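Two complexes are shown next, each including chain A; its partner changes from chain B in the first to chain C in the second.
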Partner chain A sequence: MTVNTKAIGQVRREKISNANLLMYISIGIFAAMYLAGILIWGGGFRKPQQIFDILNNYAYLIIIGCALTIVMITGGIDISVAGIVALVSMVDVMFLKGRLLPAEGMSDGVKVALAACIAIGIGLAFGAVQGALVAYLDIQPFIISLAGMFFARGMITIVSVEPMQLTVQEEPGILDIIQHRIEIGFLGSPNKKGVMIPARIEIGVIIAIAILFIIAVMLRKSRIGRNFYAVGGNRQSALMLGINVKRTRFTAHLFSGLLAGIAGFVFMMHNVSGNATNATAGEMDAIASSIIGGTLLSGGVGNVIGTFFGVMILATIKLIVTASGLTKPWWQTITSGAMLALFILLQSVVLANRGKKVKLPGWMKLGKG
Partner chain B sequence: MEDGIVLTMRGICKNFPGVRALQNVDFTLRKGEIHALMGENGAGKSTLIKVLTGVYDKDAGEIHVDGIDGAVTIRSPQDAQDKGISTVYQEITLCPNLSVAENMYIGRQKGMRVQWKEMEKKTGKLLESLSIPARPKQQLGSCSLAVQQMVAIARAVDAECKVLILDEPTSSLDDKEVEMLFSLMRDLRSRGVGIIFVTHFLEQVYAVSDRITVLRNGELVGEYEVQNLPQVELVSKMMGKELEGLSDLDKAASANASSGEAYYEAEGLSSSEAKPFDFRIAKGEVNGFTGLLGSGRSESVRAIFAADRVTGGKVTVDGKVKNITKPIQAMKAGIGYLPEDRKRDGIIADLSVRENIILALQVMKGFFHPLNRKETEEFADEYIKALEIKTANQDTPIKSLSGGNQQKVILARWLLTHPNYLILDEPTRGIDVGTKTEIQRLVLKLAEEGMSVTFISSEIEEMLRTCSRLIVMRDRKIVGELKGKELTQSNVMYTIAGGGKENAC
Partner chain C sequence: MPANKKKSSSGFMQKNSQLLIPLVAILILIIFNLIRDPSFFSIGMVTNNDGYPVLQGNLISIFNGASELVILAMGMTLVTAASGGQDISVGALAAIAGSALVKVLKSTEVITPWTVALGILACCAVAMLFGAFNGTIVSVFRIQPMIATLILFTCGRSIAYWINGGATPTVSSPIITAIGSFIPGCPVPTPILIVIFMGIVLGVLFKTTTLGLYVQTVGINQGAAKLNGINPVAVKLLTFVILGVCCAMAGTIGMSRLSLINHETLLLNVEMDAILAVAIGGNNLGGGKFNLVGSIMGAYAIQALTITLYAMKVPSTDVKAYKAIVIILLVVLGSPVVKEAFRKLKNQISAGRFLKEKGAA
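Right, the complex of A and B next:
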């Protein structure tokens, strides 16, 4: 943990950079929204478990949010991530049910480990192909990943037309492993009968948080991480500065695919089901989270800590909408949409005003000649 | 290799299809000197630099670099850098979203981890020793262009270059920033770096260089010590002719015209960018807006053409009251406008010369009445000839033309619409002396034929030479008008400075 806090501490420049400013804004907004939730609706918001529930439900979104942040920092986009998540969860469920490969004699632990390897393999394969097409053939990343999304969604139905579910009757051992929850007693809260129920965190959350910090450190501390920023800042300049731009863009997509694969595994652990409609529009939530967290679509700016808070904001919006009695699903999307628009507006207003402050002295100088 | 020489190029030849870009050019760079490479647009400066930096392969000739035995072959800009030849381009090739320190070291580091502490410490030392006013942790985008330029130079120097090429480094800097850059250049010279300085600005060459090599039409004219080559001679060597007629243009006709009937008249014209002002121009008159950069001269003419949102004022064109709130209305009223920033507002880089020429006429006719191919070819031919536009053919994309020729294409675009009133905003910026004079002559010729012209230029001398009436602006207000005998440099200066102690903003 010491390394991580240090990394965050160093991000702070003498003057807060635009990216960090946007991140602080999103942290502030999350805090304000959550506080409003506690004050106005109380109830669930007061329990620490509420936060853990968000994390449990959205662990996969945090991971593909990181993926999108990396790609967007290099100036690209990857909309295939949610398709990969859905494909991986279907393939994993089929594998764990023994319908994909003969898996007799394997212990449940080995099966789960193999499922994780399959997830990573699928993710890397998608990342490598998409990355190669984007970086070396210079095809628009939007088009390539759109094709990747269609391909992944289509593959799900080839693997199984029917939705698949891991059940207690058929796979009790596997469910035991992947549904394992870490209990934290002191953050628990009493239920209606007054019995203390400990707070519960899924393994997927631990994976997501670990990835979040690994990526945060990578973006800040490693050569490849900084190259992502350079390529996104100005591709031509990056080339002139001696950076292998093609390899950097390839690597970004490879990371994105890998993370999407892991996210698929985490999604499967939480939902224990495979379905062609799993994680529908998840790529859009991931893009929205990155943008809310301060990543710019134009590239060169962003960090994953902001993306994490972007995910938390999206989740809190949904919670608040539900808490205020608008239970129909479309209210959630409408409100999320409106909030996103508002947020982007806020960002550009803040950045424009900062820009003015910076530019004014230069203009005055021109006036004086 | 002789002592004290860091770079020799001998007999360099480079041909492009149909063009002999370089013929048998020699170039010698000594240790610790600033060597200006001069020539008009198209003289072969850029080609020579690109051969030296490995962007182009040379067709013939030898390059020797100090410390490397035998002739060297330079394959790519990266290869050039490895051999000690670094280039700082006119456009800054750094990443604005990264810190100054990162920009110094990114792409040059070894290993997986970024050593922030060490990198920032080393950068801090280097910036200090070169007295560059930037902090290592500062985001590069927050530095002024001049400082960014200097950081780029510092990076090149830190890569232990022997030859530093500065390609038009001063074109977007103001005087103070240019001076900062010069002191950095002198500092580097005293450290033994050989600097090749490519620029358009003659004064700057004399302010900082030790030697000058002049190219013309891809051939070497000669190498001179600065003190042995007066400025006028340098110009005549670049142009290849004596400078007759450069300074005295006949503007009597335009001067007489200025008292005549007004073609365009505005009362209290204002736009989102310009404060209300009155303005008139007579038929056949050449007048100009002058003032410092940012004094509102461009904003005023943009208001006339309605290039910015017009907010008020009464406009009379040719005796009739007109409502001009959109550029198309201005065009239909016979007004043409050649914008200041030709890269942004003027040329459409990927279209051909012909398409760029007919653009304005096509807009005026409306897109549902397309000009036929033959007509457009005739028009393009006529103006390519009339303005002596140097282009391979009319299908060449305009982006591959030199700056001066691009400007001529835009001029042709407006002349083709046969405007009665033409506004030229900085038409001669960044183009060579010869073309400048041609454009000035053309302006006066057009006026003689009855066209009204408003001319804006940063060079007061040029304004004095072309305009018969000057409107002087300061702080976005018209503060004076000069004509006839009042038109002297000191008068303009005095009017600009004129008692006003308050500054803009």
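Right, the complex of A and C next:
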């Protein structure tokens, strides 16, 4: 018992590592932005449903953010994830509409379960091929995953040129299942007529949060999770420690593919449509949220909780821009870019001045750092 | 060291092995097209709408269509070599530059050669400014290039939209048409001439100055470069500014082709193709040594592949999937593991022959 408390005490006295510092900064910025939203614009920001709306809309981004965090920790990159998301959503919608395989006599529940299996299968296939090429043939992961993205995006139009949509008229049973929302009464808010509307969460959010915690625990506690960090930190040392570097990199890409497949299923559940332009530039959003959450592209540093807050920050930026009445179409992205720039520079300034006895100007000081 | 000796013994192959992948790629495409349809390579003279004889054919459209990509790939090679990362904002930056050019052209009633020159200068200046912005974040603040340029990637096309006040204006001027297609009397498409011009400028720059050496030094070891009196910040910044000029030229060509600026579709996804060209050209995406010729050949190989697929009546939306398969085949052939296996096989064969000769003697 005493040993335990001592150990905890020691941990507490340790300095915060750079990665955790970046994560704390992003959590702080998210809190500050959301607080500013509540104080200045009020309205939607005051309702708990706003948070749930963000989660509902960006559940898939949280999952592919986790995928990129894992790959980036091992020092690689995977830009095929959004392509896989789009491909999976198209194939799933085609399957659920019965255009892909004859699915006569199946109950709607079985169909949805099979669609999930198809999603996981596609994801694993992409992950396995890309992982094998990256790890065992030693090809740059950027090129391989770029080819993966091209292939996935090209396959969408080969599967179906026209956009596909699940409709209430044709597939009411399936929509009932995948659009099921969990209602939380006490977090609800009254609408204009004064009727309490309960807060609604989609199943996809539950999946995303579950994956987030599983990956977080895996990265901290499991052997494969620690191997990811070791390989990303220094491949040579990892090799000398007896870690199977090739298999570790392969596993990272396999995980990435699997998560992208699940993200595609979650995306399909939210949007119920298949389209070649689904999740456009989603890979860049995922990379950005990983980076904002404190993951380094060079590898060895990062965690998925930070990535989660990275996604929340990106979403809140969009909300604030919309709320602040900048209605011209270009302002939203220009402001997002400016905020991203501010954030990236802030990270750099904080990291560069860490441990130095440099006196920062008052407005740049951030705690004891 | 025996390993080093072995390398120097086949020095020529080692030196040129970097160009192996793009060469093989182009060779495969040529052979494939020869078997498929020899008339693919025919070049003819036709009279265009203005009554001038111009060159026409698949080869010309490959060289013409790849112009923007080649220019961007040259700049991207430098940035990759110096900072070990890629600029993903080139497409957005080209859109900004093109919008700036249109803005200048639209501000006058009559478009004279002087306005066009002024416009191109202005668009170069704007692009260099944004390039310097990217470069500053990368070199001074030490952010990985892909993240630093993510900012412009996110908002660049919106800035282009904002420059022209939310419209997609058209420019009708014979000068702009000449830049986008043909100069009257000259049978070669103008974009090809611009590429040749840019190639000569960069070639002279690297032949007469030590910039190329500096870029490589900074890319290989920044600390060592600093100790040797090279300012890594300045070198990185300079590569980004050069890439800015390349983006301005690409934006000018892209705008002139259609005589209008569409911020959403101008050079869409070109950044991926440019990075691919650099990689196919045998350059290490992690920085260090670079080879401009390789990147240029890589860019032409990509365009040749696209035109070949179009000639085979593949729908334009499906081209990506086939492109991906070819890319994977190429990089697998060029991967270190496969190369090593080939080398071993070659050694075994030559060793076997040697033993036989010995036995015969």
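Definition applied: the second predicted complex is superposed on the first by the 338 of 369 C-alpha atoms of A that agree within 3 Å, B and C clash if a C-alpha of one lies under 4 Å from a C-alpha of the other, contacts with A are read in each partner's own complex, and residues count from 1 in each chain.
Criterion: a residue touches a chain if its C-beta (ideal position, glycine included) is under 8 Å from a C-beta of that chain, and two chains touch if they have at least 3 such contacts.
From a predicted model like this one, the values you see are computed outputs, not experimental measurements.
> After superposition on the shared chain, which partner residues are touched by A:Val159: those of chain B (first), chain C (second), both, or neither?
Neither chain B nor chain C is touched by A:Val159.
> Looking only at contacts as defined up top, I'd like to know whether chain B or chain C touches more of chain A.
C
> What is the contact status of A:Lys328 with respect to chain B (first) and chain C (second): first, second, both, or neither?
Touch status of A:Lys328: second partner only.
> What is the contact status of A:Leu114 with respect to chain B (first) and chain C (second): first, second, both, or neither?
A:Leu114 contacts neither chain B nor chain C.
> Where does A:Phe150 make contact in the superposed view: on chain B (first), on chain C (second), on both, or on neither?
A:Phe150 contacts chain C only, not chain B.
> Classify the contacts of A:Asn227 with the two partner chains as first (chain B alone), second (chain C alone), both, or neither.
first
> Which of the two partners, first being chain B and second being chain C, lies in contact with A:Ala338: first, second, both, or neither?
A:Ala338 sits against chain C, while chain B stays out of touch.
> Touching chain A in the complex: which residues of chain C?
It is residues 85-86, 88, 137, 141-144, 146-148, 150-159, 161-162, 166, 272, 275-276, 279, 285, 315, 317-325, 327-328, 331-332, 335-338 of chain C that touch chain A.
> Please give the residue numbers of chain B that touch chain A in the complex, ascending.
Those in contact with chain A are residues 77-78, 81, 89, 92-99, 102-103, 106-109, 111-114, 116, 135, 137-139, 142, 144, 174, 292-295, 475, 503-505.
> In the complex formed with chain B, which residues of chain A make contact?
10, 13-15, 17, 220-227, 229-230, 232-234, 236-238, 240-243, 300-301, 358, 360, 362-369
> Inside the complex, what are the residues of chain A that reach chain C?
So the residues of chain A in touch with chain C come to 133, 136-140, 142-144, 146-151, 153-155, 157-158, 161, 276, 284, 287-288, 291, 296-298, 328-338, 340-341, 344-345, 347-349, 352.
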